[in-house]
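When the chains are written out, they are named A, B, C, D and E in that same order, and each has its own residue count from 1.
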Amino acid sequence: MQEAMINRAKQLLADGTVNRVIGWKRGEFAYDITPAVFQSAEELDADFVFDDFTSANVSKYLVKESKKEGKILAFLKPCDTYSFNQLTKEHRVVRENVYIIGIPGGPKLDAEKIKAKGITGILGVKNENYTLKIDTIYGEETMPFYEAVLDKCASCKSKKHVVFDELIGEDGDVLESNRFEMVEKLENMTAQERYDFWRDQFSKCIRCNACRNVCPACTCEKCVFDNPNSGVENKAPADSFEENMFHIIRAFHVAGRCTDCGECSRVCPQNIPLHLLNRKFIKDINSLYGEYQAGEDTTSRAPLNDYKQDDCEASIVHERGVE
Amino acid sequence: MQVNENKEFQPLIVAFCCNWCSYAGADLSGTNRLNYPSNVKIIRVPCSCRVNPMFILRAFQKGADGVILCGCHPGDCHYTSGNYFTRRRMTLLFSMLDFLGIERDRTRVEWVSAAEGAKFAATMNEFTEAVKKLGPNRRLEDLRCRKQ
Amino acid sequence: MLKISIDKLDALFEAISAEQTLYIPADREDGAAEYKKYKSGMKLSNALNTVRSAKDFFFPQTENLVDFKMEGKNIEVIDIRKESEDFVIFGVRACDARSFTILDKVFLCEPVDSYYKTRREHGTVVTMACTRPAETCFCGTFGIDAAAPEGDAACYSDGESIFFEAHNEKGQKFIDSISSLLEDGDTSKLDETREKTRAILKKLPLANLSTDAFGGDKLMEHFNSDKWGELSESCLGCGTCTFVCPTCQCYDIKDFNTGHGIKRFRCWDSCMYSDFTKMAHGNPRLTQLERFRQRFMHKLVYFPSNNNGEFGCVGCGRCLSKCPISMNIVKVMKALEVK
Amino acid sequence: MNKNLKEQVLRSSGVNVLKCMRCGKCSGTCPSYDEMEYHPHQFVYMVERGDIETLMNSKSIYKCLTCFACVDRCPRNVEPAKVVEAVRLAAVRQQGNNHMNPNQIPDMLDDDMPQQAIVTAFRKYIK
Amino acid sequence: MQRIGVFVCHCGTNIAATVDVKSVAEALGHEPGVVISQDYQYMCSESGQNLVKNAIKEHNLTGVVVCSCSPRMHENTFRKAAASAGLNPYLVEIANIREQCSWIHKDIASATEKAIILGKAAVAKVHLNAPLTAGESPVAKRALVIGGGIAGIQTALDIAEAGFEVDIVEKNPTIGGKMAQIDKTFPTLDCAACILTPKMVEASQNEKITIHSFSEVTDVKGFVGNFTVTIKKKARFVDETKCTGCGLCTEKCPMKKVPNEFNMGLDNRTAIYIPFAQAVPKVATIDPNHCMMLQKGKCGICSSVCSVGAIDYKQEDRFIEQKYGAIVVATGFNPINLDKYDEFAYNQCPDVVTSLELERLMNAAGPNGGTLLRPSDKTHPHKIVFVQCVGSRCDDSKGKPYCSKICCMYTAKHAMLIREKYPDTEVYVFYIDVRTPGKNFDEFYRRAVEQYNVHYIKGMVGKVTPRSDGKIDVQASDLLANEQLHIDADMVVLAAAIEPDKTARPLATMLTTQMDTNDFFTEAHPKLRPVESATAGIFLSGACQGPKDIPETVAQASAAAAKAIGLLVKNSITCNPCVAHSDELMCNGCSSCEKVCPYGAITYEDKEFRMPDRTTAIRRVASVNPAVCQGCGACTVACPSGAMDLNGFSNSQIMAEVDAICK
């Protein structure tokens, strides 16, 4: 796959279709892969990588890249295409300036999950028949592939590319995923239990903004939390309220726009399951206003920018679920 | 004289009212001398759709124990569709607050027309009682703002 | 050397926490470790290191500095500093221990930061030697010996017992306070363990990372390097690296209106943020390239330039594992040292 | 009047009888109209009123051919045939223990009787 | 530094009885920024207002807070007072301590405490008030009427009567619309042509009215008072200015087999045609789909017979651009397509017709010259069945959910006319309900029953089956007799539901007006603003807003005209200054705000910006048209970056109020 991608990228660079390529660059170890822009065939040969760890969603980079001179080739996984489409819909990327090659999605691996098994000193990771052979300073270790899969991939919603100029590999389908399981589980807890759960999670927050800055829906020119005139600007949670505030408002601002790409939870250094907030909104929107998948198209009205005269009343919150 | 140590908890209620229906409805309940607790403080907004979730959280942060949002009945919005957006926004916001374990009865949306002075007063009485039962807002408060 | 058997650690922690507040690295539900206030039954984490560094103890993420009270049009200033209590941080790794030295250079030089100083004076740092370094470790690059950590007192484990060694008076006082639980022990197995650790340290993938290309005098070589563009391209501008870093010490001071007064507090800031060092005239570093460069130039050039060659990094490797897009100081150093 | 019966009919038919605007198109289109004591529109109305027992006791429930003409043509998607079927089902269920026993059948059994008819007989006829 | 004046009103005892106004004034006097705090018996009285005015001048106030009755009562009073003292009127805030405090609370202590808090909130808000100036925007003195039916004609005539230029855009070759096709009108049974054609002629002769027939609106830009509309004048291949309407070409045209839409396809017309004798403008139009010259390049007869040389086979669509101050939508209705109602055999049997087809069949200018004959065999029908509510009042999947309103009356009319003219004909009307509200309407229907012996039967027809003997079997249930009927009819007339014209939806998009799910235009307020759309400057006339009969249509047409005239007489419009505005540096250009704006006040433009990182970038940013924005604030919440804010109710102002109340 990696080779096919490099070869196609070289062709497109050579025939002038694009003048650069966005993809992933290999790192020091097996897993520390960085999104990068490649300008030449040599750079591609030297550093371009596509493997079980290339999980980063590069669509957000295209906000800036697509406004530069010339066309850029972007390799997008199915989940990334949803993000890209949503950005197109919101006029944040210039579609004409991006040549999209759809590539197969995950499941991708999570180095944290390998480390959580107590495996340290990781030098290399190989997938042999869905068993990971991990070469470490302390000898070789093995673990089942699926135990190291990223959470976001474990509950993958779609293998379908919703936008592309060409595909490498085959296009897949929208999947029946179990992605709302944990949301449901929380909904069925008592309010006190839910409160305790989230307090436990949010109290870990260090407001590093990784979730926000990686989020392809959070592309504001200036975030309200960075804007001293917004009245809610803050840099660090000085109180539990501010932890709540940041995550509620962030989830609200991306409600109906979040494609559920799962990057927020992937990058959280404190392992806060932030995607649950987004999924709660998605689940509510689906059940209250009809199925809606952000990024599926570029024309539909976002649920929060739309209404029906017979929408349910807000009191529905009082009438359902567990108190 | 005996001083009552256990003073009854008096919640602070912030009510956002749209200028055209609910604020007028509140005025009407005043004109008709319909009582509701002085715990309720009204903020006038042009339309219920002007109310940003940030305002509601801000009220809780600064010490409110309950926030209620009043607007024109669906279909009667002065701006034709404002309250429809309000309804979706607030449904989702309240659902999220509930999801985070914040007591449901601290927030509410109520449609009150300019003619419904009695409904306004009744709603405020009911809501204040409901919040009183919940006690002070502890789950969504900013400790720094707590009054000593 | 004085030692205690590992199975008696509970008793040790109980004894320490009876006297003063004790913080130990403990495992969280999600598998990561963090410093927690010791409570009975809590177990010392086996993890190599905590997600957040130990700097929080002396330089917390947010901290109230002073209160103002407004009565009508009058303003009253209230000093809210309270008498601090003594505390012990147990199990600090060599890298984090060195980070305190670096923070000291910032906060204890004139004008002395009294908030920091008070906490530093009341805190006893008890370090723990590493035995299983990870691939992300490169403390050796900065002359740190993970098998012989600094701190007021140091601990070493040979797998069965933990040995104690005081480095200063405060450390000695700490060991004295628990001496009833300690016994004299044979260090031959410990020496073996240490040698083994040192051998592993030499084999680490980043063991050969060198600081030769950096230092206070290398400003002109790197400042205008064309590598910065490429390196910073992927940076999201979040503050993860800064906030998990044990040596990052930038902060902002802000006022918060509680409704019945003003709280002036300081909180961590990150040079990666777009409004970092925003001043009346505007912002001196307008692009992510400049902000990105600032962070690494500060650690590798400016800090040594102001502090007799000491680098502003301790090689703990937190940024390596936590950066959302895996861009980090190692990649920067490797890219810049190539001419 | 039996409120549970009404509930049962509404639930098993899945029909919202309140949607009916009483246009009578169902009866206008019904091929079995003349055979029926109660006509499709009456079924809908009587179910709305809760008068289920009368319908259950009427032969009309077996006269409906389930041709679905009424379902197809009802302007308001009320689906009267489903109501008829639901009443029929309610009647069948109520027969309960009053069904014929299998061992009673041989006496009456005609060799040429198709099997399906025998099974239907279990449902329809009481002792 | 702010210098704020606080004025606490006693309102006689209305406030002072339950609120200790002195201590309110005292407490607010200590608030930051407050330089003077006074109480007075009646603040709204002249001397009270003078108190405010003098204080403004004396203390050079930068803001005024009046603690008094509801702002809905006296906000304007105090704003005017401030303005007369030289303070911007929008620097005045009212704390409502009467309706929302003294009148609802009995306990003096708690009422006073609350009054102080409300006052503090107002002070906190006024700190952040900005002086606002109401903008003005000029009004183009010309109206556009889209649709040339009776609604459009009436509106145009009324506007022209008031002295303003009006353009009518009609998509068909002639104005007149549906009413021109109708034979008689209820409840008076006078001839439709007799009352309509004079109006059509009046419209064509009125100097102020320009008729763009065979034309369509293709683009609308701008806003109230200042619309720029592009009109496509479709090629009719006949020079309108030359054609005299003599009709020679239509006689000579060899292509005579084109279904005649004016007669609902019941007879044929020629390829070059004039829709009907009284057409306005009376000029010929070539139907390019059937003209042999345009299709095959052979023929040219019309051109050779035309004595004025009006035929121009090379004519192309022309586009004209015009500025308008007001736009009236009068796009009307159409009967629905009956394809999906198989049970009525409309597509199988020529003798099953719609009501509009019946109008033509009975019209003297219709295909049969006014004699009612069956389309199939041209014989007299002796038994006619009318079916009501075909496609109306249906579940969404089955048809239209609404009542088409006009069918009951025109069916009564048809039945009566038939019985009058052909007394040997039996007429049956199958109805669900007979709905005849309106002046002289129910009397009309009763006449059909009592005087003309029309058989009204309650029950919907279930099935219509054409028989081989030429009769039509109509199967229905008589709900009152509780029996099923079979009627062997000669003709069946279906009262098809009516729906808005297909051109309405794209037009609504162009106009940024709202539509309901049935594609009827939504009025600004269902009760109080029934002829205006929510978008300022766009008015609604006739059936485009909902099913209507002719009297109602004409009434609404005149009402819409009155509203349009009310706008056109103004030289400029004063805009509400409390409008939204976008901080372009923050704006993402994501279009969220545009989606929630009910007025179409937000547009986007690509602007060049000097970015914080010293680069220059073209960015898509929102801009709010202050003349169109009504200040609801929906956009401010839809905007994730907080770039949108609302004058007079800004984020910081509302948060300051929240803070003050929660102190």
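Simple rule for what comes next: a contact is a pair of C-beta atoms (placed from the backbone, for glycine too) under 8 Å apart; a residue touches a chain by one contact, two chains touch by 3 or more.
Every value quoted in this text rests on a predicted model; they were computed, and no experiment measured them.
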Touching chain A and also chain D, the following chains: E
Pair sharing more residue contacts (C-beta pairs) when D-E is set against B-E: B-E
Identity of the chain that, by mean CA position, is farthest from chain A: D
Chain separated most widely from chain B, comparing mean CA positions: D
Chain C and chain D: spacing of chain centres that average the CA atoms, whole Å: 80
Averaged-CA centre spacing for the pair chain E and chain C, given as whole angstrom: 68
Approximate Å spacing (C-alpha centroids) for the pair chain B, chain D: 52
Geometric centre distance via CA averages, chain C-chain A, whole Å: 30
Residues of chain C touching at least two other chains: 256, 259-260, 274
Set of chain B residues in contact with two or more other chains: 53-54, 58, 62-63, 75, 81, 85, 89, 142, 144-145
Of all residues in chain D, the ones touching two or more other chains: none
Chains grouped in pairs wherever the two touch, ordered by label: A-B, A-C, A-E, B-C, B-E, C-E, D-E
Residues of chain D defined as touching chain E within the complex: 19, 21-30, 33-34, 39, 41-42, 69, 73-77
Parts of chain A lying in touch with chain B, wherever the complex brings them together: 183, 186-187, 191-199, 224, 231-232, 238-242, 244-245, 248-249, 251-252, 255, 277, 280-281, 284-285, 288-289, 303-309, 311-318, 321, 323
Contact set on chain B toward chain E in their complex: 12, 14, 19, 23-24, 26-31, 33-36, 38, 41-47, 49-55, 58-59, 62-64, 75-76, 78-82, 85, 89, 121, 145
Chain A partner contacts - residues on chain C that touch it in the complex: 28-32, 34, 46, 48, 51-52, 61-62, 132-136, 200, 203-206, 230, 233-234, 236-240, 242-244, 252, 254, 256, 265, 267-270, 273-275, 320-322, 324-328, 330-331, 334
Chain C contact footprint on chain A (complex, rising order): 27-29, 31-37, 56, 61, 111-112, 115-116, 118, 120-123, 136-138, 200, 204, 206-210, 212-214, 222, 226, 228, 234-238, 263, 266-267, 269-271
